[in-house]
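Each of the next two complexes has subunit A plus one more chain, namely subunit B in the first and subunit C in the second.
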Partner chain A sequence: MTAAVQGRLMSWEGLLLAILVVIVAVNIGYSPYYLGVENIVNLFQLSIEKIIVALIMTLIIISGEIDLSVASIMGLAACVMAWMFQIGVPLPLGILAAIAIGALCGAFNGFWVAYVGLPSLAVTLAGLIGFRGAARILLEDRAIGGYPAWFNGLGQQPIFGPLTFSIIVFAVLLIVVGITLHGSALGRYIYVMGNGVEAARYSGVNVKRVKLLLFAASGAVSAIAGLLYAARLGSVRGDMAFGFELDIITIVLLGGVSIFGGSGSLLGVGLSIFLILNLRNGMGLANITGNTQTSVIGALLILSVLVPNIVQLTLKRLKGRET
Partner chain B sequence: MTWVQRRIRPEQIREFSLLLLIIIAVLVFGSLIDGYYTSRTFNRIATSVAIVTVIGAGMTLVVLTRNIDLSVGSIVGCTAYFTGVQLAANPEFGAMPAIAIAMGLGLVMGAVNGVIVAWGRVPSIIVTLGTLAIYRGILIDYSGAKTVTTDSLPTWLVDLPQLPLFTIAGLEIRAIVVLALIVVVVFQLLLTFFNFGRSFYAIGSNPDAAELVGLPKERIIFTAFALSGALAGLAGFMFLARFGNITVEAGRGLELQVVAAAVVGGVNIFGGSGTVVGAMLGAVMIGTLEQSLFRLQISEFWRDGILGLLILLAVASDAVLLNRLRALWARADMRLVAKPPSPIAREEEATP
Partner chain C sequence: MKKLLTTTAALAVLTIMAGGVYAADGKATPGKSIDMVLLPKFLGIAVFDQAHTGAAEAQKELQNPKEVQFLGPTPENSVAGQIEIVTNATTQNVGAIMISNNSGDQIVPAAKAAHDKGIKVVTWDSPIPTAEGEDVFVAQVDFNQTGQVMADMALSILPDGGEFAILSASPDAANQNAWIKAMEEALKDPKYGKLTQVDLVYGNDQSETSYSQALALVDKHPDLKLIMAPTTVGIAAAAKAMQDEKLCDKVKISGLGLPAEMVSYTMNGCAPQFALWSFVDLGYLSYYTAYMLAAGDLEAKEGAKFTAGRMGDYEITKDPTREKGLRILMGPFSVYDKSNVEAAAK
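Then we have the complex of A and B:
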């Protein structure tokens, strides 16, 4: 059984890799500068905040839950930072406060899901609306900019070779999440929980604490991503990062993570990140507008689950006919 | 089993307490706001609630079957825009052809969702997240970023939202509100009294058992999505009538309002329980709060925060209170099984 699941996963990641190779090849055909370091950095730069949150979302979805409130936490964290900056609090303090509030929001979600036992879809939907409301209360309809140069530099200035601070944050988080998921006991707990909370409890996993931890981490990482987004744009508004949760969840699911939890790998999500970035960049180079790009990614999301299902159903039917 | 327990189910207590909450909210706001009890307040709330209620009826069907339809906002946008363009090009169309166009287009879009979910076995949250983006993308491409304007629409449509059908106690009941009420009544009756309606509950509360007793699971799920699409189409028509100016952004984010209304109205997000009337009460609760806070001149920015809190409270009270009540009812049922009524009591019951 596990071998079969593993085999399917392997082939899923193989499929992603194959599509990726085709897209990159086509893109190189369009523009010889495509594989240049500058273009690749640029590629990452344009959706860096989303792919940072996608990493932590992978853990949440594998554990069998979902967090719809990430984009609102991104917005709230940026607004907290901007609001404190405006009333004269030193910026580093504001940044720390914003990250702390992000973690608190996540823990708030986690508390209701883990300790009260409410469905995460409903809790984080409330969070999506409520945290966005809080962000708008802070800034109303103002846009706050004029941050010190070092802060704006976090978003776009190369600090390590051609790499910007946000890309380094992504890389570090990728390693941390990778080790957590595939090399630690916590990672095994997350898979076990995704396969069945009861089974996890009977195997001695402290389900409640792990869930709370995951949601708090999701809040903190979303807050960091929100701050990086603010640094890149140089200005903060109440509706910042609105609707990002859709793209983030799409990246994770396209990476072969099951929406029901219990299966998926970081390799798949990594490939899916590359795939979506390249697809968007390639379509951009081919003068396809942002909306059509979103449609294509929506279709890709559906097909990514539909095609394997159809293949499986057809195979089953063929087998049934033989016997 | 007491008299109360035999006649009322725990879910009905929940709807009743929501109704009570709405009445309390109205009384509180009435004492805070001068001139609150006017037909203007009523019309404002009723018109905005009508659209959410119609979509909410479809959403209830889908959520009952353990699915969710996040594409309704995009369907509303598409149908409102397309119907608007058709009416601008053919001003001789009446209300019926316009509604037929809107509902037909919505039905097709919902059916696409339904086919992929039911027979493609793709989780509905994935399918409708995808079609949310796809339908919106199609609308933007089709429209070429042009806007349907009120001037281009026939006058009967522009006047429709203000059209009063009849008056009760000084409150004029508008056609659009009646339309929403008809939808609620029809679908509530369908769900309560018809086998076809009960099968939505059966699929949602135990899919395996429903399949074992021979219910066509795929067809029921498909029907739920198709109906949800058609109702979103009807809501698109109402949206067009209400706003007149339709941009490519029309209806964006509506899906969250509708899911919120359903959840506040006690429709279980995991399927199997909930009613169309409940979803309507949820929409009324949210609409009353929104409009009243607006009248109190509380910044609109507070609205979302309060709405989020309301959803959380609704879900939490469901989890804690409703489960207690259900346990109470189950214990009463057990007692009934353990101690059947004595023959004398049975005879008494039999004699009229």
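Then we have the complex of A and C:
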């Protein structure tokens, strides 16, 4: 990584931090309820499934790929669990089966991308449609609820202080992804792959196996997130988590991860998560409705793609003038 | 000290008595400052805007200095969005939340959290199926009657019988589900024997989806004679689809619709008959109910009576369509056809 790229990243994270501070300050000034423990927990809780998947998506995008099928896998996993529960399979077994199917779906994506060499955009787009279709076929237009209290509790009940099980899952995954990306050989491979598959191959990385692993992990984590969503809502239907992939990719890109792969950090994604959650929460407490919230977050994403490019172009021009 | 205690005790007794008196005669105490949220299924639907108008009217009448907050999710994000809005309203410790529930029982944890905090949760238009976390449901009409009215309209449009299909809103909409069930129940009467239901599809209360679902029904069932849409979005979209494809002579549309949106289809014969109630009144009555519950003028229990401004007297009863629910029944139905739709559309 060159010093210039590193500098740009540093300043990007600095910018995110600055925006975050402004948002938090405005929120504190605006709403007396903002700083309450209950609100801070809710702030995470209301988007917890998306931010869990955003962590694994960070690895995928840095490796130079994309996974558009995550939300459909979330839905499919929840539907598999609900369907098995309905036909009388013990719930723990249904949960394991759902996670296994999520991992299989991911591995299926990974196979076409890694071993056949198809672009992940196309493969996972097919997954987005196909896995969602399977979910809808399983449950048709029904909503299946009535799970035992312990299962619903996984998504709602505080188990450690005010923290829920799903928040703890997020925290653990954050640490695991952090160590993988920034402290392990696998993490270095992911960056190298994102900078160019050829280069990675020459430096001895088993590109195929790493890609397959990443997509399988993405499927498994998405399945877990889908199950947590089911637990939070207490009910499952075929269109669950529909459209979540866009919010998830938004979080990762806003975190400064390059859509072309090879650069970005978990710190940036972490800040981006904080930023978006606080922004949403602030707008919610200010009684700003859904349509406006979506527009504001959309504008933020456009900026996140534009600003780094404009800065880079300007820097180039300035340099050109100097020489 | 002792005197103080006695006075306090006496005051407390007086307060309780006063409260009791209020609850008994069920009159609203105007002028209280109560934060209230009106939550539609989602934004951008005419009937929900009308409910907002009614709620705002009631707010002025009751002189609540806090303007009613009309907050809704986007259609794509309805379930998670409703949960988020209820959760945020709970954090802000508002006095009452009025929900047209589009999330089935998925809203229960959020509604329960609000209820446990002392926030009054009133549902309107569409209730919480299990009634958990809900104080009372303000029902627009009797749900069994809705089924009866739809069955009668079907028979009056198809006196010789034939195939019909239902185009509903979303599969989790408790109100539509209850009406469809009630209609199927009503159709068991032998006098409807010649009517056959061949399909049930969902347009998710989105115009484009409902439009294409209506056309798909026609393709799928060549002998189809009627589409019954118990949703204002679905009925208008289906009528437009039949008109655009010049199918009105073959397939008629009926169900629940807004006169202003349906007038042209009724006059040109695509939708000869449909029904609805006033959403302005529904918003007004829901606001009165929620305000009086939050102000302590009314208790959410069976048999409690109250007066809701210009709309007159109401009573809280058991909800015959939900095992554990309480209900306030508004009513009545208006059935529209060529003779009265133009006047109502104005």
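For the reader, a short list of remarks on this structure follows.
Basically, the second predicted complex is superposed on the first by the 314 of 323 C-alpha atoms of A that agree within 3 Å, B and C clash if a C-alpha of one lies under 4 Å from a C-alpha of the other, contacts with A are read in each partner's own complex, and residues count from 1 in each chain.
Note that a residue touches a chain if its C-beta (ideal position, glycine included) is under 8 Å from a C-beta of that chain, and two chains touch if they have at least 3 such contacts.
Quick caveat, the model's predicted, so the values are computed rather than measured.
By the touch criterion stated above, A:N291 is placed in contact with subunit B and with subunit C alike.
Touch criterion met: A:Y33 reaches subunit C, while subunit B stays clear of it. In the overlay built on the shared chain, the residue A:G130 is in contact with subunit B alone; subunit C does not reach it. In the superposed pair of complexes, A:L93 makes contact with neither subunit B nor subunit C.
Legend: residue contacts after superposition of the two complexes on their common chain; A:V21 is shown touching neither subunit B nor subunit C.
In the superposition on chain A, A:Q156 makes contact with subunit C only, while subunit B stays out of contact range.
In the superposed model, A:I168 lies in contact with neither subunit B nor subunit C. Using the contact criterion defined above for the overlaid structures, shared-chain residue A:G234 touches subunit C, although it does not reach subunit B. More residues of subunit A are in touch with B than with the other of subunit B and subunit C. In the superposition on chain A, contact is made by A:P119 with subunit B only, not with subunit C.
Under the contact criterion defined above, the residues of subunit A that touch both subunit B in one complex and subunit C in the other are 291, 294.
Contact residues on subunit B toward subunit A in their complex (touch as defined above): 68, 116, 120-123, 125-127, 129-134, 136-138, 140-141, 256, 259-260, 263, 269-270, 299, 301-309, 311-312, 315-316, 319-320. Against subunit C, the residues of subunit A that register as touching in their complex are 31, 33, 36, 38-39, 42, 45-46, 141-143, 145, 152, 156, 232-235, 237, 242-243, 280-281, 284-285, 287, 289-291, 294.
The residues of subunit C lying in touch with subunit A in their complex are 42-43, 69, 71-74, 76-77, 79-81, 83-85, 87-88, 91-93, 103-106, 108-109, 171-172, 202. Against subunit B, in their complex, subunit A makes its touches with residues 66, 112, 116-119, 121-123, 125-134, 136-137, 140, 238, 246, 249-250, 253, 259-260, 291-292, 294-295, 297-299, 301-302, 305-306, 309-310, 313.
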